[in-house]
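Shared chain: chain A. Partners: chain B in the first complex, chain C in the second.
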Partner chain A sequence: MDLIWQGMLEAFRLLIKGDREVIGIMLLSLEVSGAATLLSLLLGIPVGAFLALSNFSGRKLILGMVNTGMGMPPVVAGLLVSILLWRSGPLGFFRLLYTPSAMVIAQFSLAFPIVAGFTMAGIGQINPRLRMQIVALGASRWQMLLLLLREARLPLMAAVMAGFGAVISEVGASMMVGGNIKDQTRVLTTATVMETGKGNFSLAIALSIILLALVFAVNLTLTYIQQKRRPA
Partner chain B sequence: MTDFVLEAHDLLVEKGDKVLLDIAHLGVLRSEVLVVIGPNGAGKSTLLSVLGLLEKPTGGWLAFNGERLDSADLLPYRRRMAVVFQEPLLLDTTVRENVSLGLKLRHFPHDRIEEKVRLWLDKFNISHLAGRSGRTLSGGEAQRTSLARAMVLDPEVLFLDEPFSSLDQPTKESLLSDLKRILLDKRTTVVMVTQDREEARFFGDRVGVLLGGKLRQLDRTDVVFRSPASEDIAGFVGVENLIHGIVRSVEQGLLKIVVGDVVVEAVGSQGPGKKVLLTLRPEDIMLSKPGPSAGTSMRNHFRGIISEISDRGALWRITVDCGFPALAFITRQSGIEMGLSPGTDVVASFKATSVHVIESGG
Partner chain C sequence: MKKLMIFELLFLILFGLAQACAPSPGAPSSSPTPAPPVSASLPSTAAPSAASVPTTFLTPAPTESPKEVIKDVILSTTTSTQDSGLLDLLIPVFEKQTGYRVKTIAVGSGQAIAMGQRGEADVLLVHSPAAELQFMTTGAGINRRLVMHNDFIIIGPSSDPAGIKGESSAARALEKIFQAKAVFLSRGDESGTHALEKSLWKNASLDTSSQSWYQQSGQGMGATLNIASEKGAYTISDRATFLSSSRNIGLQILVEGDKSLLNIYHVIQIDPAKFPRVNGAGGKAFADFMVSPEAQDLIGKFGVEKYGQPLFFPDAGKPE
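And now, the complex of A and B:
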């Protein structure tokens, strides 16, 4: 108990006095995971919508891949991205390994299937006759897609929360492709692992609490938006 | 040339090796209410989807206001029509937003939308629900919203796909009369499909009978119900008196038809020996007490015994066994005056021209 209490006090102290290093770690976490989530929304929503609305041979195989991707272990994603970005690897010439960009790529590969999967499920559960009704009301292809996304807004918000929650809390991939380099690629999770390893429990707890508070704040905001749009 | 808003030519819809729809020609007249009736699986909804440009037919083509439609870009034409389905299919938003949806998709200016939506919410008596979520409405309220959402678009053709079939009777009746009033007022061209004959009688200027994907009869509503073109149509439109017989002789267009032990006279073109089916509307049968003939022009008089009287308020439905069961309507007043009751001896009379003769398949 004492350990947790001390940790919490330490966390407050670090935050209140605006510890440069901790703030930096926190901001980088937000930037990397925010960017990865944003990218996964930009690509995952259209792909998920396409998979939900189309019918082509091989669709089931892709659905299976997306669903598997939703449970992709971060270390596997980290390994794949490491191999791709390795100096002698196929994308090695970009020299991205051990940069925040590499972490964004790794986290994107985790969040993308989650967002695509949620979008697919969200649009898939809409009554197909409603699609016909929307067409009958005179919607163009794009108008219909937008209306369907609006209709699936609750699952889409859940997709954002699940995607962001997954990437900000993962450690394996960030550690592997980022390397936990001080002031460069150190994020809340990798820092927590390191501090725990060094026996700095109070700092580790402080970092964990900040992480939790961050996830909570983001989810609270999204939940609020999600519920507000619901007409009485 | 006839003024068709919408025409279908050589329409063919196949699914696998099954023919769902096979219609040589169907024209929808301007400002008419055309009701297509048929049993489940007759192809009614498919027909409506094809006419509403929601489903591509396997073969054939459509013309809108005389202009042949090119299937590449149907959106502009779709935007001149509206469809209301059996389920209200509202979006997860307010009633007002649902009703404005089609106008928004057509990029109407904001103030015009507001004005039109207010008008149509009012016409369907749902103004008080404007702010409510579409998902919290009763069946009747939701279907009113769906109808307002269609009518606000001033469609050149309104398609109705059994829009009342999931409503309870009182809700349905109030909506039917409101909708009829609105349609008469707007002179909207309507194509409605239903399996409910009463709705067809109530709404239809013309009625088409769809059986097994084929349009078997298309005529004025009273003609279809009075003179169904075949035995299966008669069966579906619900003719009360269906009598089997065989033509015995023909004299100057007047047929003598053997029905059991009696002979019925009717007007028709069938030859002797033909098996026929006679249809006769209950309101065309006159009942009287036996006695010296009143010397009417009616050629058919059959003495019989009342087997059943069913009291329908102002009307009595009376079944007379006169060699064949004949159902007649009589006002309650006359029934009481004549002292009719089950077992009473009566004479059922009807004109030869009241009998509609169909060649029987069997």
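And now, the complex of A and C:
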């Protein structure tokens, strides 16, 4: 138990002292997971909206795939992205493996189905009569889409939080495609695994506490935004 | 119609991602993917919240070099060189000297060699001599050179249920563990340490394959030491990793000094003629550095101050 206490003290010490390495690791975690979440929003919201509103053969199959993707094991995503990005792999000429970009791609593939799935559910639960009403009032397709997305903003913000939470806390994919390289691809989760392996438990706990505090801060901000715009 | 538009959007974003991610030749930047501008199709309510959080952290890459050579060198190595802290000492010196940037992938020697076999690494620093020689026959590696050695030790709980403390022969110690059915934790990950451990059992003609007391962690040396400590199990470790984490674990050295416990590290360059994407010059520069007098001196002094004894003994240029 006193290890946890030591870890907390260590976390405060690192943050107050502004330890350059730990701050760098923290910022990289935020950058990589932030970029991955942003990309997954850009792609996931349109795809989710499309799947919710359209009707075509094979739609259920795709829905099933998206829903499966929401539970995609990070190591599987990491392995697949590694194989794609290997020098001998199809995208090897980009030389992306063991770079933050590779981590963004792997984390994107984890967050995308989550965002698409939440969007799908969010828009799907809107009363279909609202759609008819919007169309009857003479809205164009895009106007209708925007109105529906506005209507579904609570689940959409939940999508942001779920997506970000999933990627910043995963370790398997980041370890595999990033390589946990000092000052380059070391993020909070991979550093925690490494320090645990080295037996530096108090540092590992300190990193965990920093990670939790970070996720809490981001989610709190998002929650405030979500609740502020809550329909009356 | 809408279907087409969405597919177009998908394609554009993917293409933009690939473009943004691709490092310009010679200047691989460490910046994360600059995200494409927020698409106009986003709803006004979601856009500000989604954009406001991450963009503030999307700072540009700090350093970019205009040079045309590939600066990144992928070093595939064993967990012991990283977990002991040796690489944290050596790599900054190398990077400062040469301007290369080392990407250290610390895995077991088995995986490190497998990466070399596929041309996924530029240079290997490994300690699994039999597997290395096998690897050299495939022609993927060139210029295998001796770097340093230390030794393996058999460690276990201080209660020593199998009574191996002070045993001079590793084979006899394992035999005692076998007979006592004391819990033994193997790395089980095809690492150099695991390869040595397997050869020790084999040379002692002991078959551990169906023994319940013989357990495998499947993890790196540091993690395996933690597990062995918790379980009160025997295990085999390289001295460097054990010393650098021994303040935290409840295990002690029980058997050491047997010739069969020698732990030898070699550096191997990956042949750029065989794999066009291998950074041959960078791999050679790192290998040359590892056997240079400066690095050898650093290796010999590493850990002396902290642990009262060197963790590695420099061997460059010595006969095998």
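Note that in this section the second predicted complex is superposed on the first by the 230 of 232 C-alpha atoms of A that agree within 3 Å, B and C clash if a C-alpha of one lies under 4 Å from a C-alpha of the other, contacts with A are read in each partner's own complex, and residues count from 1 in each chain.
Rule of thumb we're sticking to: contacts are C-beta pairs under 8 Å (C-beta built on N, C-alpha and C of every residue); 3 or more make two chains touch, one makes a residue touch a chain.
Every value quoted in this text rests on a predicted model; they were computed, and no experiment measured them.
Participant: Which term applies to chain B and chain C once both are placed on chain A by superposition, clash or fit?
Facilitator: After superposition on chain A, which the two structures share, chain B sits beside chain C with no clash.
Participant: Contact-wise, after the overlay, does A:79 reach chain B, chain C, both or neither (first, second, both, neither)?
Facilitator: neither
Participant: Who does A:62 touch here: chain B (first), chain C (second), both, or neither?
Facilitator: Neither: A:62 stays clear of chain B and chain C.
Participant: Where does A:146 make contact in the superposed view: on chain B (first), on chain C (second), on both, or on neither?
Facilitator: In the superposition, A:146 contacts chain C only.
Participant: Does chain A have more residues touched by chain B or by chain C?
Facilitator: After superposing on chain A, more of chain A is contacted by C.
Participant: Looking at A:104 after the superposition, I want to know if it touches chain B, chain C, both of them or none. Which is it: first, second, both, neither?
Facilitator: second
Participant: Using the touch definition from the top, say if A:8 reaches chain B (first), chain C (second), both or neither.
Facilitator: Neither: A:8 stays clear of chain B and chain C.
Participant: I'd like to know which partner A:54 touches here: chain B for first, chain C for second, both or neither.
Facilitator: In the superposed model, A:54 contacts chain C only, not chain B.
Participant: Using C-alpha centres in the superposed arrangement, which angle lies between chain B and chain C as seen from chain A, in steps of 10 degrees?
Facilitator: 160
Participant: To be precise, I mean the smallest distance between any C-alpha of chain B and any C-alpha of chain C in the superposed model; what is it in Å?
Facilitator: 12
Participant: Starting from the residues of chain A touching chain B, keep only those that also touch chain C in the other complex, and list them.
Facilitator: 150
Participant: What residues of chain A sit close enough to touch chain C in their complex?
Facilitator: Per the touch definition, chain A meets chain C at residues 27-28, 30-32, 34-35, 37-39, 41-43, 45-47, 50, 54, 56, 86-88, 91-105, 108, 141-142, 145-146, 149-150, 153, 156-157, 160, 164, 179-182, 184-185, 194, 196-201, 218, 221-222, 225-226, 229.
Participant: State the interface residues of chain A toward chain B in the complex, per the touch definition above.
Facilitator: Chain A reaches chain B through residues 127, 129-130, 132-140, 143, 147, 150-151, 230-232.
Participant: Under the definition above, what is the set of chain C residues touching chain A in their complex?
Facilitator: 2-3, 6, 9-10, 13, 17-18, 20-23, 28, 30-36, 38-39, 41-46, 49-51, 53-55, 57-59, 70, 72, 74, 79, 82-83, 88, 91, 101, 103-106, 118-120, 219-223, 225-226, 244-245, 247-249, 275, 277-278
Participant: So in the complex, which bits of chain B are touching chain A?
Facilitator: Against chain A, the touching part of chain B is residues 49, 52, 54, 75, 78-79, 81-83, 85, 87, 89, 91-94, 101-102, 105-106, 131-133, 136, 149, 153, 159.
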